[in-house]
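For reference, chains read A, B and C in written order, and residue numbers begin at 1 within each chain.
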Amino acid sequence: MSAVREALDALRLVDHHCHGTVTGDLGREAFEPLLTEGDAWPGVSPFDSPVGVAVRRHCAPVLDLPRHAPAEEYLARRSGLGWREVQLRFLRASGADVFCVDTGYSPEPLTTPHEVAEAAGGSAYEVVRLESVAESVRAAGVEPDAYADAFRAAALDAVRRPGVVAVKSVAAYRTGFGLDPARPPDAEITEAARHWLLRGGRLDDPVLVRHLLWTAVDLGLPLQLHTGFGDNDIRLHRADPALLTDWLHLTAGTIPVLLLHCWPYQRQAAYLSAVFEQVYLDVGLTLHHVGPARAGAVLAEALEITPFRKLLYSSDAYGVAEFHHLGALAFRQGLAGLLQERVDADELSLPDALRFARWAGRDNALRIYGLNDD
Amino acid sequence: MSAVREALDALRLVDHHCHGTVTGDLGREAFEPLLTEGDAWPGVSPFDSPVGVAVRRHCAPVLDLPRHAPAEEYLARRSGLGWREVQLRFLRASGADVFCVDTGYSPEPLTTPHEVAEAAGGSAYEVVRLESVAESVRAAGVEPDAYADAFRAAALDAVRRPGVVAVKSVAAYRTGFGLDPARPPDAEITEAARHWLLRGGRLDDPVLVRHLLWTAVDLGLPLQLHTGFGDNDIRLHRADPALLTDWLHLTAGTIPVLLLHCWPYQRQAAYLSAVFEQVYLDVGLTLHHVGPARAGAVLAEALEITPFRKLLYSSDAYGVAEFHHLGALAFRQGLAGLLQERVDADELSLPDALRFARWAGRDNALRIYGLNDD
Amino acid sequence: MSAVREALDALRLVDHHCHGTVTGDLGREAFEPLLTEGDAWPGVSPFDSPVGVAVRRHCAPVLDLPRHAPAEEYLARRSGLGWREVQLRFLRASGADVFCVDTGYSPEPLTTPHEVAEAAGGSAYEVVRLESVAESVRAAGVEPDAYADAFRAAALDAVRRPGVVAVKSVAAYRTGFGLDPARPPDAEITEAARHWLLRGGRLDDPVLVRHLLWTAVDLGLPLQLHTGFGDNDIRLHRADPALLTDWLHLTAGTIPVLLLHCWPYQRQAAYLSAVFEQVYLDVGLTLHHVGPARAGAVLAEALEITPFRKLLYSSDAYGVAEFHHLGALAFRQGLAGLLQERVDADELSLPDALRFARWAGRDNALRIYGLNDD
């Protein structure tokens, strides 16, 4: 095993963006859709995709099965062990011990940040999803001209809870990033709120999404932004982070902005991280979907020009604990592979490689979120 | 030779999208422009490009010449053998035995699907290009308010001919994909037809192109869509398949949609194939243009998240039979290379690799087009 | 050392786009920002980025330091030698002997083309930046309805100076390429000039930028266009060269157009070079920013379909002479690596590889700019 890989394997990762896992045992019909950003379709099992191959290869052994175990055996063993044991094994296997958990998306019951931390033997912090806050404000009832203040107050309440270290927006899903970058005037917010409060549904009004992003600036916490890859609710071309450039100019000098996922726009994200002080990135979600076989290639593109202080690790694991393990494994394997290759070619010194690995896997996140390293 | 390569070499491919070849011998002035999506320019021979290098390397031996034979010798030998023998050799060398032939583009006389099949010792099916149908309707004479029905009737006639298995659209060339995704109302179609019928020329009215795509949905056959790379008539950024997302939502549950070529948007296409049940993709055309030296790299990107049930093989060979051979070779070499590499790294089991290779090279196409495997 | 690498190392390069270097010694605060398209930020030293790693690895030995020397030592040695000696060493190390120098951007005093040539022991030519010409016309005072003629006259004067071989535009920075491609009518130019002359500031009016591009066509010299990667003044998605397609159609048959940098749109640029006779490209700037560790990967994408007559070398070195050396090294190492790999795999003959290397590194540029090879 290479020196960089050994160091990365020994490093306790900070997973700066993830979710809880489903609290309950999962049959095939429930498990397969959680494996994919698409769905399980007749004749097209998610097990027959790169992420499914990676699960059978790398997760089966954690459940005491041989590598490449068939899907049926995998599911049977998983059920046999029970979801608590499965979660425990994968979180322990991940080697992460600090988790920033997005608690704002939960169409089915998920483990809490505390439960994630406990299973991993580490600590957890919370990330507040601002769209969920806005939708709670609407649900509680508010007049259009009181919406802006009510949303801000609710967001402040949410982030003042203990353990909250960041906010998140899924503007990429709701409107995309082709928004007017300016802070919207009060009258426009009231007018937009009037329509949205009447119409209902999720927050997807462009003025209110802009207002949400600017409220994040006022809150002063780091802002996580979903960019790129997601489910079919995304218009991928509108989730290109380069579209945020004007907004990044207007908000320079305020809050750190963390571009999540980014694929297939990892080079565009790298550009932003290289030219804006406040911009950081990860290739979470992508790591387990492409699997260890391609994680190195994606990371290599992401790192072509990214300053080594600007890359973070996240799993973006959601629903199944397998992704905590797979994300961490793909990150360690991919990053170690590319750094070691440069060391072997004498393009990089070993001490530098070890330093950059530690920064990306742990220190950058601790620094940005102001966490102590115990 | 690796186990996967051996299996792929033995596999009879289904080429789900190709064209006929020019019926006649070709001098240098006629041959060179067929080698490229550009042209032969003074001092810039298409032989001095990746596809030209690949022709001299991989096609010369099929004509009994040494590898890397000079262009002059290649052309002389090609003429000496005669176009029928050349076509026969390359089609046999391709190892494909089922061909879906787009018969709607033929600025010069081309071999028919039957002739392609006969030369290859296989069977051929037909793909109806809907823009050509529309243009025939105009040529035959029609009133604006009868255009929609006339086009639909002509399309129905065309697809009911024996051997037709799919339709195709070149909307990417005509308008790009940044269209209103909704089915256009009758009045709009009539109005648009009024202008187009007067103005003439090829079908490039946005309303009529939308109508064409929705007519494809009504026909019920799989729809092949040119995306990405093509000649300079394309605006590449408008041929990004991600722009189709809204239309794919509206047409979900109807017809299979096959994204052709895709380069350089193979990752965007992969995303769509992963999140929409009806979406499939290939990297045809690209394979011979980048040549075997880079086909593996392009396929690796295309396969980062594509379910293995969703990748197909096509050559998109047009005009010269060399591309039947080169496309097949680049596909086999590229796909075998990346699958075997994963097997060697124990990221994939050999039985899975062989299964996925067979699906991509043959079974997926047979399944989508409802063809029997004799 | 491989045969292709040996040949490329021996080849005197033509650097078809670069700048001068700062005339004076540089402390850390002055040097670090010149290393990056971003800036030096608290806790984020540009030395801890791919380009910084490459400087410590490949530039330190040119200053008699060990490979991977620490930043402090590097800066101390650099100051100790003095900027003239540093410039001399890096320019000699670059192995380039013909330089086309963009003289239109100089926020700080830079060496002249003559000084660059002298240090390198070669010859230098000048590239006229048209935006600077326009801004000089405004500074000198002109009436709105005389602007068009005055700009044209000033541009003609500028390109008639001895040693001028090309013009350049930074339209990518000012408006991006999503412009109306048509030549603007006189009345529109006058109206736009009226506003700009009043308002002042740099030339960023869309009508005047279009007029500038069309004036380049009238001048008849090759036009260099910044595309893709740059500092945070760029909106990356508007610098995608594919957006130029309509304009390239309208100007076909007039002047050569050289797409500079291109990353991350090197495939889009490659497409344009393959389908438009007048289009050429390089991946300058990118080469030293990604460093030798990734230059081969970027070049491999750029060359997927680019005719070998269409690739050029540039460093786009600005401010520090290190980039002359790093750009040249990354180009030689990257191009040699990918060509030799193809030779070793018998995908390319060695004589062809050597020919293509010489074309890209030297001959293509000599041909386009009409330079003698002494």
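The criterion applied here is as follows: a contact is a pair of C-beta atoms (placed from the backbone, for glycine too) under 8 Å apart; a residue touches a chain by one contact, two chains touch by 3 or more.
For each chain, UniProt lists the protein as follows: A, B, C = Amidohydrolase family protein.
No experiment lies behind these values; they were computed from the predicted model shown.
Participant: Any chance you could name the chains that touch chain A (Amidohydrolase family protein) and chain B (Amidohydrolase family protein) both?
Facilitator: C
Participant: Have a look at where chain A (Amidohydrolase family protein) meets chain C (Amidohydrolase family protein) and say same if over half of the interface residue numbers show up on both copies, different if under half do.
Facilitator: Under half shared, hence different.
Participant: For chain A (Amidohydrolase family protein) and chain C (Amidohydrolase family protein), let me know how many angstrom lie between their CA-based centres, rounded off.
Facilitator: Chain centres of chain A (Amidohydrolase family protein) and chain C (Amidohydrolase family protein), defined by C-alpha means, are spaced 37 Å apart.
Participant: List, in ascending order, every residue of chain B (Amidohydrolase family protein) touching at least 2 other chains.
Facilitator: none
Participant: What does chain C (Amidohydrolase family protein) use to touch chain A (Amidohydrolase family protein) in their complex?
Facilitator: These residues of chain C (Amidohydrolase family protein) touch chain A (Amidohydrolase family protein): 36-39, 41, 43-44, 46, 48-51, 53-54, 57, 67-68, 229, 231-232, 234-237, 263-264, 289-294, 297-298.
Participant: What does chain A (Amidohydrolase family protein) use to touch chain C (Amidohydrolase family protein) in their complex?
Facilitator: 240, 242-243, 245-246, 248-249, 267-268, 271, 274-277, 300, 303-310, 342, 345-349, 352, 356, 367
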